[in-house]
C-alpha cells in the first residue's frame, strides 16, 4: 500500500515538474511561462519530500516559490507594456529543428549514462530529524560556507539595488 | 478529566472501532480521511462563524445591532449570504486570461487549508506532527502571494492589477518581520515541532518571555491576511476590491473563505506560539485552544474597527524600517538573554 | 516522516477538490445570461481607456529583491535557532557575524532609498 502510494506520488510530482518545465519553454505568453516555472518549483519540492529531505522541501517552497518565482512573475508583468500575449515566439525553421535534435540527443545520452552507471547506495538510513542535523553541520563543519553565503547575499542585494536604481534614474 | 475528553482519546476509540471492521492498513487511511473531514469541517465552520462574528463585533463596536433578522439573533445570516453568493451569475471579464482567472481563487485556498495540518488542537492531536512544524507553516503561508498576482493580472482591469501588485509588495514586506518574530520562540524552544513548542509553555506562556515578538507577530499577521489597518489592497472606498474586483458569486466567496481561514490560522499560530496552545486547567485542551483562538480573532477584529487604514508608503515604511529592525533586535536580545541565563545556571 | 507527509498530501488533495466542489455546486445553481455590458472591465461606471498595464515602478522589484536576500537569511537563522543552545559561544558569535553582514545590506538598502515607496 505504502509502496504503491510512494510510486504514484513520485510519478505525479515528476510529471508535474517535467510538464511545467516544458510549458515554461514552449508557451507563447511570458506570464504563463513564469507561472509554470512556479509550478515546476512546487513539483521539485514534492520530489524533495519523497527523498525525505523535508526541511529542504520547505526551503524550496519558501525561497524559490515564495520569493524567486515572484521576482520572475513581477518582472514579466511589469516590463510588458502594450501587447498582453506573445513575445515568446518560436519559429519553426531549420536552426530550431537542429537545436531540438541535438538537445534530444543530449538527453538520450545523459539518460543512458545514468541508467548504466553502477551507483553505490549508502547503507546509512534516511535521517529522521533533518533540521537538527543540518543545523549542527552549518554551525560546525560548514561554517565558512555559511559566512560566504552571507557575503554572497550581501553582494547580490547591493548589485540588485544598484542595477534597479540605475534603471529608475534613466 | 483531560484523559477522557482529550481529542487523542476520542481518536483512539475511533481507531479501535475501525480496527474491527477494516484490515489494518486501511485503518490509517480512514483515520486520516476522518481527520481531514474534521479539519474541513473546522474551516467551513470558521468561515460561517467568523463572518457572522465579524458583523456582530463590528456592530457592537459601532453601537448598533448587526444582523438580527435572518434567524434568531441573525444567526442564519451567513447561510443566507452563502446562498446569495452561490446564485449570482458568474461574469468573466472580457479579455481576461481565462485559466489564470479561474485558477487564482482555487489556488489561494490551498495554502490556507494546508496550514491547518500542523495545528496542535489538543495533546497529541496534531494532524501531522512534522519535524519542521512551524517552518512548514511559514513555507505554506508564503505561497499565498502568487494567486493574488494571478488574480490581479488575469482580470484585465487596472484596479485589479494595481491591487494585485500592492498586495504582493505588502505581503512580501511583512513576511520577513513575521518570520523573525517566530524565530524568537523557536530559539527559546530549540525545536520547530509544534508539539514541542506547546510543551515548552507548560509553566510560562511565551507572551511573557517574548513580548516584543508577540507584538511584532500580531502586527505582521494582520498585514499578511490583508485586514485593516493594512487592507489598502481591498479597501472598498479606494481600489474597489483590489485583485478581487472582477470576481462574482462563488469565486468571490472562495476568496473570502480563504481570508477567514487565514484569519483563524494566524490566530491559531499566535495561540500555539505565545498563549500556551491547549494548556489550561479543568477544561479539555481543545476547548482552551478554541477559546484562546477566539480571543485572538476578537483582537484582530478589534484592530479592524479601531485603526484607520495605512497609506501604502506608511505601510512599507512600517514593515521595513520599524518592524524588521525590531524583530532583529528581539532575536539578538533573546540570544544574549539565553546565553547569560545558561552562564548563570 | 513519509507517513506524516502522506497525510499532508492527502489534505492537499482534498484542499484542491473542495473549491471544485463549491464551484460545481454554484455552477448548477446560478443563472447564465452573458451580455456585452456586463463583461466590460469595472471602473466605477466609467469606460476604460487604453489597455491594461501598470507603470513600471522600481519599488515593486526592489522590495522583491531585498525580500529574496532576507528570505534566504531566515533559513539559516532557523537552522541556527534550533542548535545554538547546545553549541555554545562559537555558534553565537558566528551567527552574529552572519547577521551583521546582512545588516550592512539592510543599511545599504535603507540609505540608497531602496525601501522607499516612490
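Letters A, B and C name the chains as they come in the text, with residue numbers starting at 1 for each one.
Keep in mind that, in the parts below, contacts are C-beta pairs under 8 Å (C-beta built on N, C-alpha and C of every residue); 3 or more make two chains touch, one makes a residue touch a chain.
All figures in this text were calculated on a predicted structure; none of them were measured in a lab.
Judged by the touch criterion defined above, the protein chains are all mutually in contact, each touching every other. Among the other chains, A has the CA centre that is most remote from the centre of chain B.
Separating the centre of chain A from that of chain C, both taken as means of CA atoms, is a distance of 17 Å. For the pair chain A and chain B, the distance between mean C-alpha positions equals 28 Å.
Residue numbers of chain B whose C-beta contacts span two or more other chains: 95, 130-131, 135, 156, 161, 165, 168, 172, 175, 192.
Chain A has residues 54, 59, 62, 66-67, 70, 74, 77, 84, 128, 131 in contact with two or more other chains.
Residue positions 1, 3, 5-6, 52-54, 60, 64, 66-67, 71, 78, 81-84 of chain C each touch two or more of the other chains.
Note for the complex: chain A touches chain C at residues 2, 5-6, 9, 49-50, 52, 54, 59, 62-63, 66-68, 70-71, 74-75, 77-82, 84, 126, 128, 131-132, 134-136, 138-140, 143, 146-147, 149-151, 153-154, 156-158, 160-161, 164-165, 167-168.
Every residue of chain C that touches chain A in the complex is listed here, in rising order: 1-3, 5-6, 9, 51-54, 56-58, 60-62, 64-69, 71-73, 75-76, 78-84, 87, 90-91, 94, 97-98, 101-102, 104-105, 108-109, 112-114. Interface of chain C with chain B (complex): residues 1, 3-8, 10-12, 14-16, 18-20, 22-23, 25-27, 29-34, 36, 38-44, 48, 52-54, 59-60, 63-64, 66-67, 70-71, 74, 77-78, 81-86, 89, 92, 95-96, 99, 103, 106, 110, 115-117. By the touch criterion given at the top, residues 25, 95, 97, 100, 130-132, 135-136, 138-140, 142-143, 145-146, 149-150, 153, 156, 161, 165, 168, 172, 175, 192 of chain B touch chain A in their complex.
Contact residues of chain B toward chain C in the complex are 28-29, 32-33, 35-36, 39-40, 85-95, 105-106, 109-110, 113-114, 116-117, 127-131, 135, 155-159, 161-162, 165, 168-169, 172-173, 175-176, 179-180, 183, 186-187, 190-192, 240, 245-246, 249-251, 253-254, 257, 312-313, 316-317, 320-321, 324-325, 328, 331-332, 335, 338-339, 342.
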